[in-house]
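Next come two complexes, and both contain chain A; in the first it sits with chain B, in the second with chain C.
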Partner chain A sequence: MKQRKSLDWNFTVEASTYTILAIAVIFTSFPILWGLTTSFKPLDQINVFPPTLFPKPVVFDSYIKVLFRSNFKVYLFNSIFMTGFTVLVSTALASHAGYALARFKIPHRKNIMFALLMMGMVPIVALLIPLYLLSVQTGLYNTRLVILLIYVAWRTPIMTWILYGFFSQAPIEIEEAARIDGCTPVATFYKIMLPISQSGLVSSALLSAVFVWNDFLIAFTFTTKENLRMVSVGLYNYITQYGIIWGELMAAAIVSIIPMIVLFILMQRKFVSGLASGAVKG
Partner chain B sequence: MTMMVAGASMLFAGGSAETSQESQGIDMVFWIFLNPESTEDPRSIVLKEIVEEYNANNPYGNTITVESIHWSRFEAQAIQAAAAKSGPDIINMYSDQLKQHIAGGTVQAMTKYAEDFLATIPDYVYTVDSLKINGDIYSLPWESRTFVHWYRSDIFNRAPASLEDLADRSGKESDANMMGFVIGLSDGSNAASFMESFIPLIRSAGGDLFDSNGKAIFNSEAGVKVLEYLKSLIAKNAMNSASLSLVVDDIIDGFKAGTIYSMNAGTQRAAAIRQSSLNNHIESAPIPGFVEGTPAPALVAGQTLGIGKFAKDPAMAFDFIKYFYSVENQTKWLKANVLPARADVYNDSGIKQLPNYDELKMWNEYAATGSVTFYPDDYTEMAVRLAKAAQEAIFRNTPAKKALDEVANWYNNK
Partner chain C sequence: MKKSNEFLLPSILFLGPTLLLVTLFILIPIVIAFRTSLHATTYANIDAFIGFEHYKSILGSSDGWMDIFNSVTYVMFSLTIVVPLGILVGVLLNRKIRARTLFRTILIIPWVLSQTVTALLWKWVLNSSFGPIALWWQQLTGSTIDFFNSEIAARVTVVFANAWNTYPIIVIITLAALQIIPEELFEAAKVDGASRRSTFWHITLPLLIPAISTIVIMQSIEYFNMVTLIYVLTAGGPFNATTTLSVRAFRTGFDFWHIGLGSAFSFIIFMVNIIFSSFYIRALKGKNA
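Let's look at the complex of A and B:
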């Protein structure tokens, strides 16, 4: 009887949990669903009362305009390039720095760590004007290089801090065993520590990728050239001075979230294990 | 290896494959809200045509590169560039924001060029004096948008004869889901919706925003009359408290969807408005005034072209500006539903055959009842405060005079 009551209680808890989760999923995914259906609606059906969820008929005009009759594919390429490059360079720099800080006896290590953390706390908007003036004076304004430099400089400190936490928690015995087997400190880092730290590297890299992909401020401020624009700025183009082009805006938004969704699906397992092992807890 | 390095440097520098070639002309940068890469927006297509034709045909060998800057961040971007002693050779500005550009040092005076040029185009709708700010001309309007009353002909059998008529008839058509008429009272989006109606209405009541010395005078009897009228729209159920949160884009979306039966909006939004499934029932008319049969004086604004403060060669920049104002190019703008700044365009046979010619002509005639106004550089801040004052007066029963006095005193004592 007692066991039956316990089973009932467990079932109730489980059912409630799933119900709440289902509501949460519907609640959070509804705007995306609405955007998706709007992107398939004919122009004159986007603003109607009462509103309709499903398009009748389904048209692909908005996607055709976004993908083939605008510069959106250029923006997509730029975003993918900038994000990929930033993640690669930042991860390379941050992993070396994080490991060195975690394992080597570096004077003022705590102060350096504190400084790194503080650098990550400075809002980018506070640096915008000096960076802008600097980029104009150095002739780097309106180049990919300046945007990449800023992104790398922006993301590397916080990634170093995250990876420092991850390397610090890694068992030192593995490194000691490698040393006994004849590994140099450098070889230990590349052959032992990096492979076993994949989940931490992936987690911090993914977080940085999302930051760069979603950034508007830097992408907008440091270029006025059409061929250098990124997706975040390109989306803004659909909010025109004459009105909002809802169909194309929604189609472009859907297209722009696909790379991030694919990235998360591919990296999901490592990302979750990185989160669980404290890689992003510092 | 060399090719790889060259390819990489091209990628980081911006992907430009141009090689440095000897040419006689100069390369100039033109900042504008429109994006010539758009193949959908008729205005952008016209812009691209004009620029390509100039690049191909100008006798100096100049080339224009268009850089599209988002309209909502245009002023900030231009002022920021000017602070770094850079910026475009030719700059497109809203007439409303011109003084902000002058104060921000983004644009230079072009009085001599402009006076000489305007003497050669008598059909230009603006006079030299009307374009001067502190004795100088900084830009020339190339369009003259005006703000009109849009209504549903299946709901209203005619345009309103007066503001009172509008309130009465809209009130009868409103219900829980539908609003007969809306003026957006939100202070968001620079309170644009509110100001686009407030200015014609206060002028219809015999007042104005500023006197000739730039002093705020909207706290006059005329200003009070306008706020009392807006209050009556609520009392008569023409619009409801939802108007508090509505900005101009929301109202246009509501009008297109059919939840708003009439509104005031700029002619530049015609193409967007007419994308509605209700297009066959959409009509436009002059904004009604307080006196029956007499429309409110038109609010006229527009996009203008000026020479950038750090232009490489102001004379060459003005050469492009002159080209922009040719009758041929102005005709192209009108075909894209942009009201031109040259009257001769309306005599073009192609224009006369446009299906919406009568409407274009009506807009043009209505625009002639007003004039372009260059507002002070702190206009936006004042507009937002004015919208908040209207909210106080309409929804919190603050006396209209008191609400307006507070904003006028703040402005005049700055």
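Let's look at the complex of A and C:
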């Protein structure tokens, strides 16, 4: 009798687990799927009421317009370029800084770390106006350089913290052995620490890549030139123009999310470990 | 003597560039924001010193307090949805179920989408003329609805879109926290005859709370600072119903070009962040202790 009851209970738990997860999947994927079907619809099936669920026939007009007959490919290039560059530079800076804080004997080490954490938590929205004033005064407004520097300054403190955590948890014995063999602290970093820390570096780099790729505020504030524009601002411009062309907008949005989704599916573990180890969002 | 100097030059070279960059692009701008907030401005020109007039006009007006109210409700309602939903999905995903990886991948995907894309997707799904939700609403209630024209509906919409975009973070943190709970605890509970429900309430949840509380503080800050999602989805409207302090700061600066007033908003946001961050750091320290 007891056994029977527990079996029923087990079944209920199983069934409700799958039911709740299925509902969550529908809730999560519906807006994306709706955008996806819209992007494949012919023009006369998009602005109609009642809306239809599936495109009939499936057409690629919106994608062709976005990819070949608009400046969207320029925006894509700019976003890829800025994301790649920012991730490289901030990983280089943050790995050095993180290692120095983890292993070097530095006066006021705790204070420096606290200051870095605080700086890392200053929100971008509070910095936009002064950075705008500074970039206009220095003539750097509307240049790739200033956007790159702002992105790097934005991401580096948090990456330093993540990598500091990573380096300080690494077994110190390997480094001590290297030091006994006559390696300087600097050589130990390059020859021993960097090679064994690849997974930590990749995690924090991926995390930053998502933030830069997805950024709107900095890209919007510091560029007005068409040839410097990045994807997020290009998407936004679709809704400010007169009469939104939803098919093209959804096609552009889908194109813009594909790189991140592919990256995420391929390197899910690294993403999750980066996020969990930092538990810090910019 | 040589031993202590060994670290001096490398320290400067390793830490220097980061500290310099942070000083130039974060520390100095904050000082400039504060200085600008004490001046009258026309467009990008800084005019006469006016003391705390901008702050008085923000904190002494009903508009200013409305923005604060909007920020607080946006943060609170977002957390109210995101935290239970994230914990529930995280706990379920941690069970030994079929197609776990597939479920996990799909459910975490919104997190990699930008606020811009999130806003655009929801703007289209909720479109009052051509959207599926408007259709279902009409079929269910017989009346039409415009989610961006009513104050209540717009407020619900921004919170909902935000929840969609950010609940995966709670899922990830929950999953990470569950992995480090020793299996023996659950076994012991089972041996002692504890039901699943009491195991959840008395073992799983208490062990999750430290991790969750840190991320809740972090997300509160994140939601408070959020501009893009709201700006793209509703632009703060209708009638400023979705204008939070952060949206106001951005629009005052870059839609209306009141640099001085915008700087005062920025500095208020900065101060709120400092206060919240100190809670966060205290929570982190508590966790490590």
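Here, the second predicted complex is superposed on the first by the 237 of 282 C-alpha atoms of A that agree within 3 Å, B and C clash if a C-alpha of one lies under 4 Å from a C-alpha of the other, contacts with A are read in each partner's own complex, and residues count from 1 in each chain.
Basically, a contact is a pair of C-beta atoms (placed from the backbone, for glycine too) under 8 Å apart; a residue touches a chain by one contact, two chains touch by 3 or more.
These figures come from a predicted structure and were not determined experimentally.
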**Request:** Return fit or clash for chain B versus chain C, each positioned on chain A through the superposition.
**Result:** clash
**Request:** Have a look at where A:I32 lands relative to chain B and chain C in the superposition and call it first, second, both or neither.
**Result:** second
**Message:** Tell me which touches more residues of chain A here: chain C or chain B.
**Reply:** C
**Asked** First (chain B), second (chain C), both or neither: which does A:N111 touch?
**Response** neither
**Request:** Based on the superposed arrangement, let me know which partner A:I239 touches: chain B (first), chain C (second), both, or neither?
**Result:** both
**Request:** Scan A:I129 for contacts with chain B and chain C and give back first, second, both or neither.
**Result:** both
**Message:** Let me test your reading of the model: by the given contact rule, A:A24 touches which partner, first (chain B), second (chain C), both or neither?
**Reply:** second
**Asked** For the superposed three-chain model, which listed region of chain B (61-69, 79-87, 133-141 or 349-357) is the one that clashes with chain C?
**Response** 79-87
**Request:** State which residues of chain A lie in both footprints, the one left by chain B and the one left by chain C.
**Result:** 47-49, 51, 129, 132-133, 136, 220-221, 236, 239, 246
**Complete:** In their shared complex, chain C is touched by residues of chain A numbered 9, 13, 17-18, 20-21, 24-25, 27-32, 34-35, 38, 46-51, 53, 93-94, 96-97, 99-101, 104-106, 112, 114, 116-119, 121-134, 136, 149-150, 152-154, 156-157, 160, 184-186, 189, 210, 213-217, 220-221, 232, 235-236, 238-239, 246, 249-250, 253, 256-257, 260-261, 263-265, 268, 271-272, 275-276, 279-281
**Prompt:** Hey, which residues of chain B end up touching chain A in the complex?
**Reply:** 11-16, 31, 33, 35, 37-41, 67-73, 77, 80-81, 83-86, 177, 249, 252-254, 256-259, 268-269, 271-273, 275-277, 279
**Message:** Which stretch or stretches of chain C touch chain A in the complex?
**Reply:** 4, 6-7, 10-11, 13-15, 17-19, 21-22, 24-30, 32-33, 36, 44, 85, 88-89, 92-93, 95, 97, 103-110, 112-118, 120-125, 127, 129-132, 134-135, 164, 169, 172-173, 175-176, 196, 211, 214-215, 218-219, 221-222, 225, 227-228, 232, 246, 249-250, 253-254, 259, 262-263, 266-267, 269-270, 273-274, 277, 280-281
**Prompt:** What residues on chain A touch chain B, complex-wise?
**Reply:** 43-45, 47-49, 51, 65, 69-71, 81, 129, 132-133, 136-137, 141-145, 148, 220-221, 223-228, 233, 236-237, 239-244, 246
